[in-house]
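One structure, as structure tokens, below. Some questions next.
Order as written gives the chain letters A, B and C; numbering starts at 1 within each chain.
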Amino acid sequence: MTTLNTSFNPSSQEEQNRLRTMNPSAQTPSYFDSPEHARAAAQGLSSDDFAPVARDSVAVGLSRPSLSYWKDAWRRLKKNRQAIVSLWIVVGLVLFTLAGPFFWTADPSQQTLGRISEGPSLSKKAILVQADLSEWKPMFAEGVPATPETPVPALDLGAPQNFKLLSEPSTVAVRLSWDAVPGATGYKVYRGPYEPEAGSLGLPIVTVEGGNVISAQDAFELKPGPLHYAVVALRDQEESPRFAKLAVQIPEAISLTAALKLDPKAEAGKVLELPLRPLGSDYLGRDLLARLMSGARVSLFIGFVAPMLSLLLGVMVGGISGYFGGKTDAWIMRFTDFVLALPFLLFMILFKVVFGASAGENGIGPMLLAMVALSWTGPARLTRGQILQLRESEFVQASRLLGAKPLYLIVRHLLPNTLGVILVSLTFAIPSAIFTEAFLSFIGMGVVPPTPSWGSMCNDGIQTFLTHPHEFIFPAILISITVLAFNLLGDGLRDALDPKMRSVS
Amino acid sequence: MSLTTSLSNPQPLLEVRDLRVEFDTYGGVVKAVRGMNFAVAPGKTLAVVGESGCGKSVTVQSLMGLIPQPPGRITSGSVKFQGREILGLPPKEANKVRGKEIGMIFQDPMTSLNPTMTVGKQIVETLKYHENITPEEGRRRAIELLEQVQIPEPAARVDAYPFQFSGGMRQRVMIAMAIACNPKLLIADEPTTALDVTVQSQILNLMKKLQRERGMSIILITHDLGVVAQMADDVAVMYAGQVVEYGSVDSIFFHSSHPYTLGLRSAMPGHEEGPKNEPKRKLKPIEGAPPDLFHPPAGCGYAARCPYAMKACESKMPALWELEPGHASRCWLHHEAASRHAPAELYRGKTISNQATPQA
Amino acid sequence: MLSYIGKRLLAGLITVFFIATATFSAMHLVPGDPLMGNKAMSKEIRANLERKYGLDKPVPEQYVRYIVNMAQGDFGISFTQQNRSVNDIISSHFPISAILGVLAVFFAAIGGIIYGSFAAILRGKWSDRVIMFLVILGVSVPSFVFAALGQFALSATNKALGFELLPIGGWGTFSHMLLPALVLGLGTMAFLTRLMRSSLLEIVNHDYIRTAKAKGLPPLRIFFSHQLRNAILPVITYLGPAIATITTGGFVVESVFAIPGLGRYFVQAVQQLDYTVIMGLTVFYGAFLVFMVIAVDIIYGLVDPRISVSKGKA
């Protein structure tokens, strides 16, 4: 390095001239601003503007208002639309469980064997029928002989006209009548679930002898729903190819005893409004909605309590292990590894068998116990890892150097940073617990019937899935929505509480 | 010793004019680069100096097209490499420039190498794609390159994984990868910041050696004035997303013509206040903090911290004014009306006047 | 590397031993004894049976016999099916469950990697959103719901098509395995998709990707050689626990699809309180899981050079 020419006076006029004449034709390189540009930038500046600005302190620049960790996390959570929706769903579920039964007072354990596996409906009417209706008297056509004088071949016989119901159909009997067909020696009545077509009229129900017998009663295994009747004229044993058809709707029926419960003044033939079953009923006639609420209580109870207890246990164990380190830590971790190695589901089942519930209990206790005993290892490991990491982190060391006592360190530094992780793991443990409970109940290793839980309701429902899907679908949907909501909430919480842990999305 | 830049004569290898880059973030739009102007001469080293966050990395990554365009945005500017505009090239063309004409090495050698691929494979990758050579030829060249960057036992090390090397070695591997295809320009983004001082010196010397052997230009980003003194031919001083002073290394050190440059030099250890034999001398940092790039000031970015600030500085952005050939500064102190207030330490060449300068 | 494997295997054996002990203790805490169910039994027969099963000996002795037998691979004879040994049960039914499980893991892994990669590449576009939505469904909906729905959908499809596209239950041919394996693997596939996606997206921000771009490599090459290779590691790690999930999920799928696998057998045994079978299967499953996890760890070690090389040196 050579020394600077100290007599060099950069601002003197000579120097200015020297510089101005040095390379007079040199263009300003394009990556500098041109003199015109510089003059343009100086537009509007007067010589006053070149006076120095008085300043006592230097501006530090803008700073944003500082937020506490939790406020910041809450703000971030609010921005996450999915998480907020999930939060509302969870709140809704809790309300459904706790407050629901006050609004929907149906009894979940009441079995109504007359209403097995009903589909969802908004209103159900039933007609009160008595076992005995008025005595059945067949009708005869006037002026028509039982046996026609001039026989007509079967193929020429016409279809009976005016095929109609004689009285309100019910599950007890359907009474029909028609007009006589000249030349017929008798009639045959068919019944089937589909509209009769030539060649398949249905099941033969009644055959009447006599061309003048123009009525029939069907009392054979009548169920509520649509039925189709057909009637053909007979000539001896041969049927006419022409037939008359009639569609009949058999209404829901209710027995007298049940009806009297609903309306003490009920009489035969009266149409009553049945208690509402908005979601239908299960295979024992119990109201599905009430049962779902009751099941929600069980499923959500387990879903909240099991993770919380296991978390409590895990955090304590992990905290102790992490904070004290050394031999304590080594032994605790070995024990944890052992518990971890046990195949979870198998031991759950074993627990169930061992502490099995006798009849009369609902099986929740053993299941809770098993779930807590086998899943505390996760939170324990997590907590221990966090505490170990935090213990050696710079800010804790700094704090310690400044003289902080252990209790202060724990409360002020270690816990808040662990809380985030704990909270997130809780939010994910809940759906996992609900899942496990559903799964166990589904294979019959969970709650003991008749206690409802969503999983056991799925188990019951799947047997009739192909014919009555609603019994399976409703509890399945509820399980899925709950698990979904908690998963999304957990994701949101994790993003909010630690941006570094963000699932990049 | 010349006070003019190495660019006084030949056509620059790289010319950057008025580069502006913004980013869309949660908090708004960050104007990270607000007007970068500089040039690199063939076979010479340009140092880009500035504090953390002033936009040095963003600038060079924009040159290479490494800025993801959402959320980033190059709003204006021109980058000419060997006379050819490379900003906004279609991806296929850009890929041909990257790695082959311009090589780049990064700050942290630990994380800049693929941990699951051998070092040799990573070097051969570049060669294979740009020059389409056979695997045997590739392996031979990789070993050769490792030798050139002074890695011992290159034939054995070529099959090693990055985690088996120390930091300094990894940086050498990075250099080998970057120069594999003989690029004309090597961009080094703080290559020695993550290394210890002895290794730092070795790496810098290696880079100088390679430059001499290959006639390669280097853009060296650093915040360390000592490195600048050791390596640079030309210097661009950056502050708050702009070039505030540009010139040869000698001009910058001996004719410092921007208050920020002056501040940087005084903040170096060795420039403490007080007599030299006093034990408790204080370092002279620059007070304050850089401006908020969400809402950058309308005037000079340094005004808030500048001890010589004038009213004009707060309201109007000064132009990058050429004080002497090849040496420019962005400061109102170079206006003739500021002549009374300009401090003695500040070098003033040609001044801005309100009349057109008469040609002599 | 070999010593690493050896150490893990030894640890595995110890774990299995602990599992066996724990199972034994658990079973003996149950009140009553295994022969309780058969009420109509004369005293002599009962005494004979007790002697045969060693139930008259003190518990510690039973334990020793149990461990010794187990070490020789003898799990005893089923209580409820008295002409079948537990080994017999395992050997005839386990292969079925194993095939089902392997197929399910295969589907899950392939699906997870492919869909996860698509989701990461098409990040932000609507196909990404669709995939992620399906993923969340897949993770939230219990496996038995999928099993039931799957079967229902299949039977409806069969009816609609007029012929049997795939059988809706039972076991025998490859087409019997397809749907159950798919249903079984769905939950894991969803999880792996999400894992793969976030792993890929995280790696995009890693410095060595930036280096690869700076080298001017084409994007496809960067994706396969650099991103995929490193992103797959967490997926492989998860495969170990995934096998556990899939094995346990197998119970349900086997029940719904009437597949004569070991899982369904286990559930039956538990319901019927068939003690030898329960103990034997528990230990067997436990051992299986332990060794699968070790196997996956070894595979991971082979794929990730950081582990294989350093372990080899150690």
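Criterion: a contact is a pair of C-beta atoms (placed from the backbone, for glycine too) under 8 Å apart; a residue touches a chain by one contact, two chains touch by 3 or more.
What you see is a predicted model; the values in this text were computed from it and never measured.
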item	value
Interface with more contacting C-beta pairs, comparing A-C to B-C	A-C
Most distant chain from chain A, judged by the mean position of its C-alpha atoms	B
Chain B and chain C, separation of their C-alpha mean positions in angstrom	55
Centroid spacing, where centroids are CA-atom means, of chain A and chain C in whole angstrom	26
Chain C contact footprint on chain B (complex, rising order)	64, 66, 91, 94-100, 103-104, 106, 108, 111-117, 125-126, 129-130, 161, 163-164, 174, 177-178
Chain C residues touching chain B - in the complex, by the definition given at the top	206-208, 210-219, 221, 225-226, 229-230, 233, 303-306, 309
Residues of chain C touching chain A in the complex	15, 18-19, 22-23, 26-27, 29-30, 132, 136-137, 139-145, 148, 152, 155, 194, 198, 201-202, 205, 244, 248, 251-252, 255-256, 266-267, 270-271, 273, 278, 281-282, 285-286, 289-290
For the chain B and chain A complex, residues of the former touching the latter	1, 7, 15-17, 37-39, 246, 254-255, 287-292, 295, 304-305, 308-326, 328, 332, 335, 337-339, 341-342, 347-354, 356-357, 359-360
Touching residues on chain A, where the partner in the complex is chain B	1-2, 4, 10-11, 15-17, 19-24, 26, 28-33, 35, 37-42, 44-45, 47-53, 55, 58-62
